[in-house]
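The data blocks that follow each hold one structure.
In the two complexes that follow, chain A is the common piece, with chain B as its partner first and chain C second.
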Partner chain A sequence: MERNHTQELLSAIQHADRAGANAVIEDWARGRSFSLAVTELLAPTLEAFGEIWSTGQGGVSLATGYVASKVAEDVLSRVLLESDTASGVAPSRGPVVVGNVEDDFHPLGRKMVAAFLRTSGWDVRDLGVDVSAAQFVDTAEACGARVIGASAMMYTTAKNVRKIREEIDRRGLRGKLQLALGGAVFKLRPELVADFGGDGTAASAVEADALFETLRQRSLGLAPACGRRTP
Partner chain B sequence: MNSLERVLAALQNQPTDRPAFFINASLYGARLTGAHLDDHYTQAEVYAEGQMAIRETFSPDLLISPFFVPAIGEAFGSPWRARPSQAPNTVQFVARNAEDMLKLPLPDVDSHPRLLYLRETIRILTRKYAGEVPIFGVLVSPSDIPPLVIGLEAWIDALLFQPEVAQALLDRLTPFFLDLGKAMLSDGATGLALTSNLANTFIVTEAIANSLTLPALQRALAEIPGPVIFHHGGCPLVDQLARFKGLPNVVAYFIDVGEDLGLARRNLGPGPIVMGNLSGPGLLHLRPEEVTALCEQAFDQRGEDRQFILATCSADIQIDTPAESIAAITEAVCRAGGAEA
Partner chain C sequence: MTQAKRQLCISCSIFRKEIEALQASGQLDLPVEFLNSMLHMVPAKLETRLQEALGSAHARQPDGKVVLAYGDCCGHMDTFESEPGTARTEGINCCEILLGREAYRKLRKEGAFFLMPEWALAWKQIFVGQLGLLGPCARTFMQEMHSRMIYLDTGLVPIPQAALQEASEFLGLPVEILPVSLDPLLASLQQAARATQSHD
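Here is the complex of A and B:
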């Protein structure tokens, strides 16, 4: 009977079994490639995992999500090794900028988002914690990103998202540069996304890819030729 | 009936003149005194004046030492920063991972200046309110200390992939936790209030909770010579009360914003107090009449349950919250007891 690798991988991730997950991917990639495993095995598995996570059911904890991001990083490492010896490279879907807003020092969620975005082929410019509004927008302009992803854990720091919104608007980039928001406070109070000037949010880190793609398409629809080096 | 009598009556399932209530106004005290936050979070007298102002203005039935867990991180070497309108935040971690943290010396609760600050606030408030208002010392459980010293990511990594190192760190931290908790009680605290997020399966897997963090919590609490309030720490708690009920010395469980008080009682069974379920930070956006409605909803949920304390949960009440929105809680509680605010 043929193995259902997607189901096995999902089960391993749900049980926070990083080694088991990597063994499933290793088996699938045998005779194929790890870059193919990203698109044909890992991506659909993470999508299913994200749906379970976003419902709050299925016993998915933050630690389980962390394991999922580690598995994604493990596969990307194999893709990079593969690209040194063959032609397989992760597809580029353009640059994006992520960081924790000014005064926020809770990096875990942002790092998980960055891992999932990289797995999905985004060129992630991760600015770390305590990032000023100017740093976010400077970097986005310099690399031609269409989307900024800003993370905040608490209400007090989430208020600093407004500064990013103001900076984007002050430079005349509204619409062209989309602002994705994430972090515990936005999960608990999604209405704050609009209040603080965000353009969208996702229910879990895994779903960041779909959000960023939606926002990128929106940006391209509003400003097809905007920005320097914009893809 | 004074506040201490009211809280003790709730604990003993006895009638009270009005429901007891608590507001997490650790930060908000600085709004009432006008103190600079750097002073509020470093000078015990300044902080205590804030809690006294809270008591004078809103009449809550419990007061607390600073809701300032980065102070514990600082005791291990992690710096914090207070912005003009925010409670302090740990801004850098002194160690990279659990193995490095194992090598750090344990802070001395009798000499570290920030720990002495926490303890002195308890002494001052106890001198002022002994026999009148319960004072609770705020700290975190052993499993919640590493995120303040190595960060949450490194700690989850150790719990997942280096369980023997994680166990060694929990074992090492437990004596420090006990020293600080016992010191707060000897300073006059009526009890302790603590979080244990890393024992909550919203944060960690069941395997980690069952094998590492929950047993460590049970062992530590068993040696605390006083009553303990178990705070949800920002995580949903009601669905996990079956896991946490019966923790040694825990007399009250503090549930998350909007969680059902009736369901909490059903999950806990009789005995401990249920505290909650108003949002502290959320008061900022609520008109007084909206706060009143939430209080009344909470009273409806608790029904005839006497072992209930209406409380703001989640984080601190924000410093720019209108006083009228906080006063609406006092007024709702007094109305529920048939008295004037």
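Here is the complex of A and C:
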């Protein structure tokens, strides 16, 4: 009987079993490739996981979300290794900037988003925790990013998103530079995204890729040229 | 009825020993109702319980003042603290309230993970039971996010050395003991109590 690798991988992630998940991927990739595993195994599995996650059903815990992001990182490492050995170059969908807003020291969600974005081919510039508005926008301008992803866990720190909005507007980059917001408070209160000047949010880290692509397309539609090194 | 008697504090039980010590020493003249600190793990439940506690307090004393001894621990804490006659202790969480803003920021930037006395004893329930962190996943997770654990020792209960050692081994982080004063907590409670008077 043929193995259902997608179901096995999903089950391993739901049990926070990183080693088990990697064994499933390893088995699937035998005779194929890890880059193929990204599109044909990991992506549909993460999509299914994202659906479970966004509904809050199915026993999704902090540990399972974390393991999902680590598995994505593990596969990406294998893809990069594969690319090196084949003298290939990993495809890039352009630079994006992510970080926790000023005063926010909760890195988990941001790290998970960064991992999923990297696996999807984005060139992620991760600025870490407690990032000032100027740091976000300086980095985005320097690398030509179309999207900033700012993470905040609580209302108190989420208010600092307004500073990023103001900095983007002050530099005349509204529309050109899109602001994606994430974190527990935005999941609970999505209306705050607009209140604080964000351009969009996603229900889970797994869905960040789709959000960033939507915002990138919106930016390209509004301003074909952006930053010093537009991708 | 005095002004102080018309005030009530609704506090997370994480501060129980500390607040009781401040009351016993006469530094804090405020009746306090404690809610279980484990509610923090399910913010929606905490929100419901806080709403009930606030509703009950206002029903008992419609013009009473309420101090919330909490960090920004649930999605609508800002709504609660903006109610007339209500104010919250300043700080994003209990550790910042106990340490003060600057010390908290400095240690967090260094990668510290804090353990308050009440939660130090319940660490396994939190990490394994609530967060689902098991085996190597627990160590990888903590080591990726943090450089060390810091037990905030308020001096009111014996340091749970065995529990801290067990947590340190399980989570793969060294543990430090940091003696802390109750002064920042007292100042924060007093500040919030004053704010309730000018917040109608």
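What we mean here is this: the second predicted complex is superposed on the first by the 227 of 231 C-alpha atoms of A that agree within 3 Å, B and C clash if a C-alpha of one lies under 4 Å from a C-alpha of the other, contacts with A are read in each partner's own complex, and residues count from 1 in each chain.
We take it that a contact is a pair of C-beta atoms (placed from the backbone, for glycine too) under 8 Å apart; a residue touches a chain by one contact, two chains touch by 3 or more.
Just so it is clear, the model here is predicted, and its values are computed rather than measured.
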Joint occupancy of chain A by chain B and chain C, clash or fit: clash
Which of chain B and chain C A:R174 touches, first, second, both or neither: neither
Which of chain B and chain C A:F105 touches, first, second, both or neither: both
Chain B versus chain C as contact partner of A:A63, first or second or both or neither: both
Touching partner for A:R162 - first (chain B), second (chain C), both, neither: neither
First (chain B), second (chain C), both or neither touched by A:R218: neither
Footprint overlap on chain A, where chain B in one structure and chain C in the other make contact: 16, 18, 61-64, 66-67, 103, 105, 107-108, 111, 130, 154-157, 184, 188-189
Touching residues on chain C, where the partner in the complex is chain A: 43, 71-73, 75-78, 92, 105, 108-109, 130-134, 136-138, 140-141, 144-145
Footprint of chain B on chain A - complex, ascending: 15-16, 18, 59, 61-64, 66-67, 103-108, 111, 130, 154-157, 184, 188-189
Parts of chain B lying in touch with chain A, wherever the complex brings them together: 81, 83, 85-87, 89-92, 151-153, 156-157, 159-161, 201-208, 234, 257, 281-282, 284, 315, 318
Of chain A, residues touching chain C in the complex: 16, 18-19, 61-64, 66-67, 70, 103, 105, 107-108, 111, 129-130, 154-157, 184-185, 188-189
